[in-house]
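What follows is a pair of complexes built around subunit A, which joins subunit B in one and subunit C in the other.
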Partner chain A sequence: MTKSPAALSLTGLTKRFGAMTAVDDISIDIREGEFFTIVGPSGSGKSTLVRLLAGLEAPTSGRLHLRGLDITAMPANRRPTAMVFQSLALFDHRSVGQNIEFAMKMKGVAPEARRLRALELLRLVRLPESYYARPVTQCSGGERQRVALARALGSDPEILFFDEPLSAIDYRLRKTLEVELKELHQRTGKTFIYITHSLEEAMVLSDRIAIMRAGRFEQIGTPDEIYRHPTSRFVASFMGEVNILAVSQTPAGPVFADLECAAPEAAGAFAVLRPESLRPDASAPVTFAATVTQKLMLGSRTQFHLRAGQAALIAEIAAGSGASLSLGETARFGFDPADIAWVQA
Partner chain B sequence: MIGGRARNWVKVIWVCTILTALYLPILSVLLASLANTRYMRFPHKVWSLDAYRGAAADYTTVTLHVISLQIAVWVVLLSVVLGTLGAMAYARYDWRGRTLFQKMLVLPIFFPQPVLGLALLLSMSALGIAPSWKTAVVAHAVWIVPIVTLVISIRLFGYDVAQEEAAFDLGASRWQVAREVTFPALWPGIFSGALFAFLLSWSNLPLSIYTSGADTPLPLWLFSRTATNYSPLVPAIAVIGTFVSGLVVLALLLLRRVLSRAAN
Partner chain C sequence: MMRRNPGFWFALPLIAAMLLFFAAPLVIVVWFSLMPPRSFDLTTDFGLQNYQSAFADGYGPPLMWSLIGATLTTAITAALAWPTAKILHRHAGRWASIVTALIALPIFISESVRLFGLSVFLMPGGGILAGTLKALFDVQIGTILNTRFAALLGMVYIHFPFMLFPMLLGVGMIPADRIEAAQDLGAGRWAILREVELPLAAPGLLVGGLLTFVLCLGANAEAAILGGRAVTVITAAIEQRFNYAQDWPMGAALTVLVILVTAALVFPAVRRIDLNRIIRR
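Showing the complex of A and B:
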């Protein structure tokens, strides 16, 4: 496999605000045409990082290379990159067309060429051409998203940055826009760097995900790697509903302290177990007794909230698999240790 | 329950009452200027344009307008520049003591103007500055700049500063960002602010009384001549003054149209 050149290369990138280190010595190569997502809770430094990449903030130290060219000191207006802002930051006093043409107007492109390109971009983001003359203030939330995207593409950027643009959108529209964004990425072949606080969103969109915590990347990997092999409890807990079991060492060997059962082949201090790995199966390699405290129908699967000793656990069973446990019932649940992702901290 | 027809009549009567209350005094001034009596008295026995002939022949008419205009223009410029900068500081930056400063800035508006005028006169004479139309500019500005700042910052309330970053990110220079994004967003506020500043300065009496010294702006002259030595010249010059300020406002409106057309 040949390694394509790095579209964007971060070397020891650091940003301090007074005593606070927002971005702490980050180094990574982002590949050409990659959909790279940075996931983190608020305050993790992800927004600062993307602002450094876009040139809206200057790093305290470290270098930034775009296809080998040092752009660390290059201001945002000279970088061949464009950002879709969290607030979208559309020019409210202008029409959809004028918004999309803005970058071209700044470059001095002739009005007629600008208009043709804007209409082309409208088609690309699936807005009718009639929107060209419409004031942006008359567009709905989803339409504004598309206009913001078209405007960013209007500068013909080599890299597109996204700062949580879908965070204020309702669930169904967000799902639609996620799919459209992914398709757009595939069609344009451009490098996308996306910021979000939702790992679920990152999973859908990305080729590679970086989990950010306190200014550093906690884990970098494909969605599959992150999902199957989280390297810390932080990453695991970010995925939403997972079971995290502490392992204690006893003279008789390692045990799951909360479950009061042996933990064979414990390879870390904590076991991360996905809800679908936990089953009402007395013949599983590891079993324990648990009481059903809540039963939720999720459509394709049923979620059980369980109590076993001190531990609260979540199990998910595919609908129609025959499991018919009712609320308050105690049964033996079990899992296969092979499904465990072991983490140290 | 009032029927739709009756309700409509109530509305019409109400609107007419308001309009009468607003325009009757102005109309009576106009009527007074067309009399030849030494006292304001209705109805006239004789209709005459003598007062206007007198006003046209009297160089005072021009002097009054020039002084008032001079003050108003400087006040407009000062308050628009300071008001814009102040409003931008609110809209763009979140700094310590911002809300406190905002309140303190607005406080002089609540201060009774005659007292403010006297206080300013006292401080100016303490500094050894002789009152003239220039000191009146300062006095007007003390009162009007906060109002204009408020007017402009209200317009900036929904302004997303990220628009400027977006423009910069899309390749605009600092100057292009100002011209393409910041100024168009500010412009309606600046325009209303300028209009306010002009009208408030043009009609100001209590501050001018204390601070304009030997220079007499229009309202001050009208006030003193109404109190003593009244003649139909007073309402005549008042009418002329109204027309002049109307013309200035009209000119400002035209300027706005020209500018907004140039922007697109």
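Showing the complex of A and C:
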């Protein structure tokens, strides 16, 4: 069996700043054409990692291979990769066309060929051709995003890096650009490595997600795996609002400590339970009494904040179905242990 | 008179001062330049004879030397100030502010004093440089004193801060991520300088360049103190006309020529500078 080398292969990649280790011994193979997303809170080292990959920062130790070629010592301007910066870093003193053509100009492509390719890229990122001569300073936020993307594609990179490019954009536009980015990935077939602090964004975009914490990958998996089988509370809590129940061992068997009810077949120290798995259903396998402390309408769902014993829980019920519980009311809530994702830490 | 904008009334004292102390002397200089040679009144017949003799009587070379000196000094100080500004900007902090202060401090000392100091330093035989080399290493060196090169050295030395400080502002206008983006897109060191750094720092470069160039065009002491008789600049010729030759109209005509040359170079450049942008950053 012949195995083609990985698009990008990291081996023990480490970056220290003084006593601080920003990237700590990371090894992973990123596949050809993959949309790989690194998710982490600020300070987790994800930006440093992508800067190492782009060559803007030199690793303290470790190797970096691009399709089998060692590029660890290759400077950024010679790497066949391109980055979309968080700040976009557009050349404000140049027109849209000149921005897109920059990498081609550096390669010595003839002006006419550059122009044709720039117009092609404008179409690809869904900007009208009339934008070619426009100063970038006259573009709106979303248009600037597209120019930055076209500029990165203009270098015809083998791998594209994205350093939280959508973080400063309002919700609706972000959703639109997410979809466009995914389509662009499918159309170009290039390898995308994307950095974000939003797991939601990562879920929408990625083939594979790595959750980063304190310079290391906490978990790597497909969006589905991360969603269904988080390996730690850190990963689970990253997905937004989840219920985490500690399990303690008693002579009578494991119990959910805060709920004071039995935890049959506990397979870990903590149970991660999604809000939608918790229902006002007295016939569920595990039930307990809970008081509604807050009721929020989320559009398609209704969210209940519950207090049961020592535990504060969140339940979400599809709008229109289920009981019409009101604030302060006490009812029996329950869940199916099969819906629990067990984690050890 | 109709009611006017209050801004006009607030500006009025300044307008009056500018008219009295800036515009009026200029008008008098231009007026004098049109008078017959060696006259001291402003009522004789107008004529262009001073301008004709300006070129006929050999004032072309001094004007040319001033222009060459100013151009060379501007180019050399720019080439020196760019890396200095880049280093100071990168290492901004305590260390850089000390260096900045050391560069700025000499401005508070009279230019002539500094030039005479440089002259003593460069003097042959017992001069500081030659004397030290002879005493310590038994090396005999000549001197560059009283040459055009010495005059240029003095010009560069005196005008370096005037180039550096606007340049520091200019360099501060280059966001670091733009340089990284250019690097990422395949630009080498020179391409980054040409395509990104210089255009973004352009306002600072222009201000520094203009300041240096205009000051150099009016410089006199460097050529007189360090250049000896090796070179006569136009300012020296003007001074000579006014003070020793008692030929005010001729001096005025030369002055007008220098002003015209300066204006022709400065106005197109000034129009490209957005002062607001520099100050806001």
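Following the convention adopted for this analysis, the second predicted complex is superposed on the first by the 339 of 345 C-alpha atoms of A that agree within 3 Å, B and C clash if a C-alpha of one lies under 4 Å from a C-alpha of the other, contacts with A are read in each partner's own complex, and residues count from 1 in each chain.
In this text, contacts are C-beta pairs under 8 Å (C-beta built on N, C-alpha and C of every residue); 3 or more make two chains touch, one makes a residue touch a chain.
Keep in mind that what you see is a predicted model, and the values were worked out from it rather than measured.
With the two structures aligned on subunit A, subunit B clashes with subunit C. Judged by the touch definition given at the top, the superposed model places A:85 against both subunit B and subunit C.
Contacts of A:17 after superposition: neither subunit B nor subunit C is touched.
Once the two complexes are laid over each other on the shared chain, residue contacts for A:77 go to subunit B and to subunit C alike. Across the superposed pair, subunit B and subunit C both touch subunit A at residues 54-56, 75-78, 81-83, 85, 87, 89-91, 93, 102-103, 106-107, 151-152, 154-155. Chain contact summary for the complex, subunit A toward subunit B: residues 54-56, 75-78, 81-83, 85-87, 89-93, 102-103, 106-107, 151-152, 154-155. Contacts from subunit C toward subunit A in the complex involve residues 175, 177-178, 180-188, 191, 195-196, 199-200. Remark: subunit A residues 54-56, 75-79, 81-83, 85, 87, 89-91, 93-94, 102-103, 105-107, 151-152, 154-155 touch subunit C in the complex. Residues 158, 160, 162-163, 165-173, 176, 180-181, 184-185 of subunit B are the ones touching subunit A in the complex.
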